[in-house]
Amino acid sequence: MSDFTHFNEQGRAKMVDIVHKPETARTAVAESSILVKEEIYKKITSGEMEKGDVLAVAQVAGIMAAKKTSDIIPMCHPISLKGIDIRFFWEAEKEQKRLRIQVSVKTKGSTGVEMEALTAASVTALTIYDMCKAIDKGMVIGETYLVKKTGGVSSPDFQKQLDDSL
Amino acid sequence: MSDFTHFNEQGRAKMVDIVHKPETARTAVAESSILVKEEIYKKITSGEMEKGDVLAVAQVAGIMAAKKTSDIIPMCHPISLKGIDIRFFWEAEKEQKRLRIQVSVKTKGSTGVEMEALTAASVTALTIYDMCKAIDKGMVIGETYLVKKTGGVSSPDFQKQLDDSL
Amino acid sequence: MSDFTHFNEQGRAKMVDIVHKPETARTAVAESSILVKEEIYKKITSGEMEKGDVLAVAQVAGIMAAKKTSDIIPMCHPISLKGIDIRFFWEAEKEQKRLRIQVSVKTKGSTGVEMEALTAASVTALTIYDMCKAIDKGMVIGETYLVKKTGGVSSPDFQKQLDDSL
Amino acid sequence: MSDFTHFNEQGRAKMVDIVHKPETARTAVAESSILVKEEIYKKITSGEMEKGDVLAVAQVAGIMAAKKTSDIIPMCHPISLKGIDIRFFWEAEKEQKRLRIQVSVKTKGSTGVEMEALTAASVTALTIYDMCKAIDKGMVIGETYLVKKTGGVSSPDFQKQLDDSL
Amino acid sequence: MSDFTHFNEQGRAKMVDIVHKPETARTAVAESSILVKEEIYKKITSGEMEKGDVLAVAQVAGIMAAKKTSDIIPMCHPISLKGIDIRFFWEAEKEQKRLRIQVSVKTKGSTGVEMEALTAASVTALTIYDMCKAIDKGMVIGETYLVKKTGGVSSPDFQKQLDDSL
Amino acid sequence: MSDFTHFNEQGRAKMVDIVHKPETARTAVAESSILVKEEIYKKITSGEMEKGDVLAVAQVAGIMAAKKTSDIIPMCHPISLKGIDIRFFWEAEKEQKRLRIQVSVKTKGSTGVEMEALTAASVTALTIYDMCKAIDKGMVIGETYLVKKTGGVSSPDFQKQLDDSL
């Protein structure tokens, strides 16, 4: 049975030892979303904004956050990310619009990049909130979760059991 | 009508000018949550962990993230936070447990602290995911949203219309 | 006569004491530029890039760098920036194109924001280099200088004597 | 009786609320030291090093660390430092030399700068260790402590009772 | 004879070239301590604090600082840490209590992790000072030193000659 | 024909995937400069400054900035730098003096270090501006460019065609 792996024999948190784990190619995909009013949807997507692209700013924020993950998440190992990609998908939801955010991260390393993908997805959503909050502070950031991961050695690949995964 | 405030006349993002806004006391409260299996709930709350406290690590992460907010969210103004508090509440949800995370932030400044509260809530949830993911990678971080804010000058106070707000 | 102000009586660098300087509104404008081949100019400005906007990424980088200035420049005082704006201007130069980058920074504080404006201008240019270097590594970042500053107490306002200042 | 001030009513750490504390001028002085072999002392101080000044690098490190203090110490409030000065004093100690490091920090703010002074003193000593460790890994960083603080509102001024304070 | 390795031929500091050094498994152990009054000892260890665990916060701070070492120590190479563990030991010392802090760091890399272990030990002690300073500002952080290192290529393993090493 | 490599199929910026590129030894050399008045030249180089060495501070800033490059330049991959060296050369230019700044960076990795060298050169120049701006705010940072790079796999070595390259 698996067990918490971040605690030492004094019952305190530690950064687990991965010195003997081999470096393998690894990927992780995570998703988040943000539910916005029709008015915000229109402003983001219409010509009103022209080059002033909310999503472009959010995406830069997400990529930069992925690189900062081990500085943000205390027990997370530093990893040299080899590639990050963030994609957006709009979906209607009743009278609002949901912007789905999908982040793919790749590395070659001795631990996975789940946290990097999840952190990037969260920060992308937070940045959209920040840039649109002058219009509506009631926007809600949706569920944030791991969609899949591959390439681990000790733990198996993971694939979320979800109808709405991409 | 309100409008996007982060773009300059070239249609590009900028950090909006708040140089003439007065400094006032401001608060913001945000929430996030994480839905975990019974097994994880037991390990976090039972004596098995003793002093090795998942929530203690997550809370430190959340507080440190609040202080980093303007480094994480591109158009967010740097603010000297004056106080941060993070509280946890467990709730049963079918056969799982939801850990609700509530963050309160205070400052005296010329802009609000909504982003600091939201960022801290997200990072607290992400840290719990990180520390428990060896047991289950299927945990889902719940909706993340602003519960209330007070103290602004140009924008009114905000209170989320939610039954489940605290 | 003015004098170096960053050294203590042991002849070593220090961060100069500004504890008794009043907080005043301050602005600084700095410029940099990058000289690129026609091919790069076309790709940046044409529809080939659509929403993939080199300048949008560069601008986010510049704004985030302005906020990091006191972490990058050793003797620079930390200042809570109140507003940042970055604008771009294309100019023909022989068979190449020069992209001029102009950064305006505002604060209310006890020291100036010249370094924030200069750092943002440099980082904006460096980011454009980074995003286009797969096409041409021979791009040259142009001169970087302060255009003007206002609002100081001990030092007079500054205005660069330049024909080509905006 | 004074009490721990960093814990909330759930017994968890928080960043204490200082929103109603007035901004006053504050100073703190802290000391650390490092005990080095005669050989290292000679190399640092003699002409062998010329402009390559171990102390200059260490001092820059200390000043930059003071500015990072709230990013390093979890419950420490962010403060805009107004001045930092680091001085060095060599003392003979048996057959070795002790380099005493004294850091003075000033701010105008609603909380003290003890942690900034202590952090700068520690990092200055650590940097000297780093730059000399190729010669001797047995160097010992000496005691690190607050020498004095002034300017608080709720807590009295502090002066260390020590014969060897400067 | 060994020599300073951080200076270039102009006598200036540089980050030494390790590009041809092989990657090997490396460990370092460092110690620091903090001497506190009986009152503080009791509050930290007794049930008064329950889950509000000073040591838990300090330990998170130490681990996060280890990851920031190359950002704090100017000439220190960035290294991807593979594991960090921090342990605490209380000892009576006259009428006070000394909390000994022992940090173990592991990596696989082309340079050692002595600075990471020393930096983590210092920051752990600084954080305890921060969290208890409302009760007593006279606490003293004890000597900070390398206990041992293994795994280098060009330099031999190191073991501190100390009776009180663990 | 080469093409922009930082955009995904939605036309948005991404951090390009280098997971399958082999790790090779790589070098990059970049230059910048700053043009200063005779008065500043004299103060920097004469005995008036003694150990208070403007160039020493600037150089530390440059080295630390090289290590922060992937945190400053959004699409830049994080790389573990293996060596950095910064050299200075004074040249007369009419009635002023130009300080040329040359930065060499080495790594072993799967992408180049051009951005690290360019960023370090820019920050070194910016730091000199900061430390001398009390005397003259009219200093101009000169052109900043890549001088050469070696060691890539997919892109050829680069050597700037310049009379004034070193």
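Going in written order, the chains are labelled A, B, C, D, E and F, and every chain counts its residues from 1.
The rule is short, and it goes like this: contacts are C-beta pairs under 8 Å (C-beta built on N, C-alpha and C of every residue); 3 or more make two chains touch, one makes a residue touch a chain.
Chain by chain, the UniProt names read as follows: A, B, C, D, E, F = Cyclic pyranopterin monophosphate synthase.
Quantities reported herein were computed from a predicted structural model and do not represent experimental measurements.
Identification of common neighbours of subunit A and subunit D yields B, C, E, F.
Shared contact partners of subunit B and subunit E are A, D. Here subunit C and subunit D face each other with different sets of residues for the most part; under half of the interface numbers are shared between them. With chains reduced to the mean position of their C-alpha atoms, the one farthest from subunit C is E. In this assembly, the C-alpha centroid of subunit D lies 16 Å from the C-alpha centroid of subunit E. In whole angstrom, the spacing between the mean C-alpha positions of subunit A and subunit E is 32. For the pair subunit C and subunit E, the distance between C-alpha centroids works out to 38 Å. Among all residues of subunit D, those that touch two or more other chains are 8, 10, 12-13, 51-52, 55-57, 60-61, 64, 68, 71, 74-75, 80. Taken as a graph of touching chains, this assembly fits none of the simple shapes: it is neither a line, a ring, a star nor a complete graph. Contacts between chains, counted with the stated touch criterion, involve the pairs A-B, A-C, A-E, A-F, B-C, B-D, B-E, C-D, C-F, D-E, D-F, E-F.
Taken in their complex, subunit B has these residues touching subunit D: 25, 55-56, 59-60, 63-64, 66-68, 80-88, 106-108. By the touch rule above, subunit B contacts subunit A in their complex via residues 2-8, 10-13, 43, 49-52, 54, 56-57, 60-61, 64-65, 68, 71-76, 114-115, 118-119, 122-123, 125-127, 129-135, 137-146, 149, 155, 158, 160-161.
Here subunit A touches subunit C in the complex through residues 51-53, 55-57, 60-61, 64, going by the rule given at the top.
Interface residues of subunit B facing subunit C in the complex, by the touch rule stated above, are 8, 10, 12-20, 70-71, 74-75, 77-80, 109-110.
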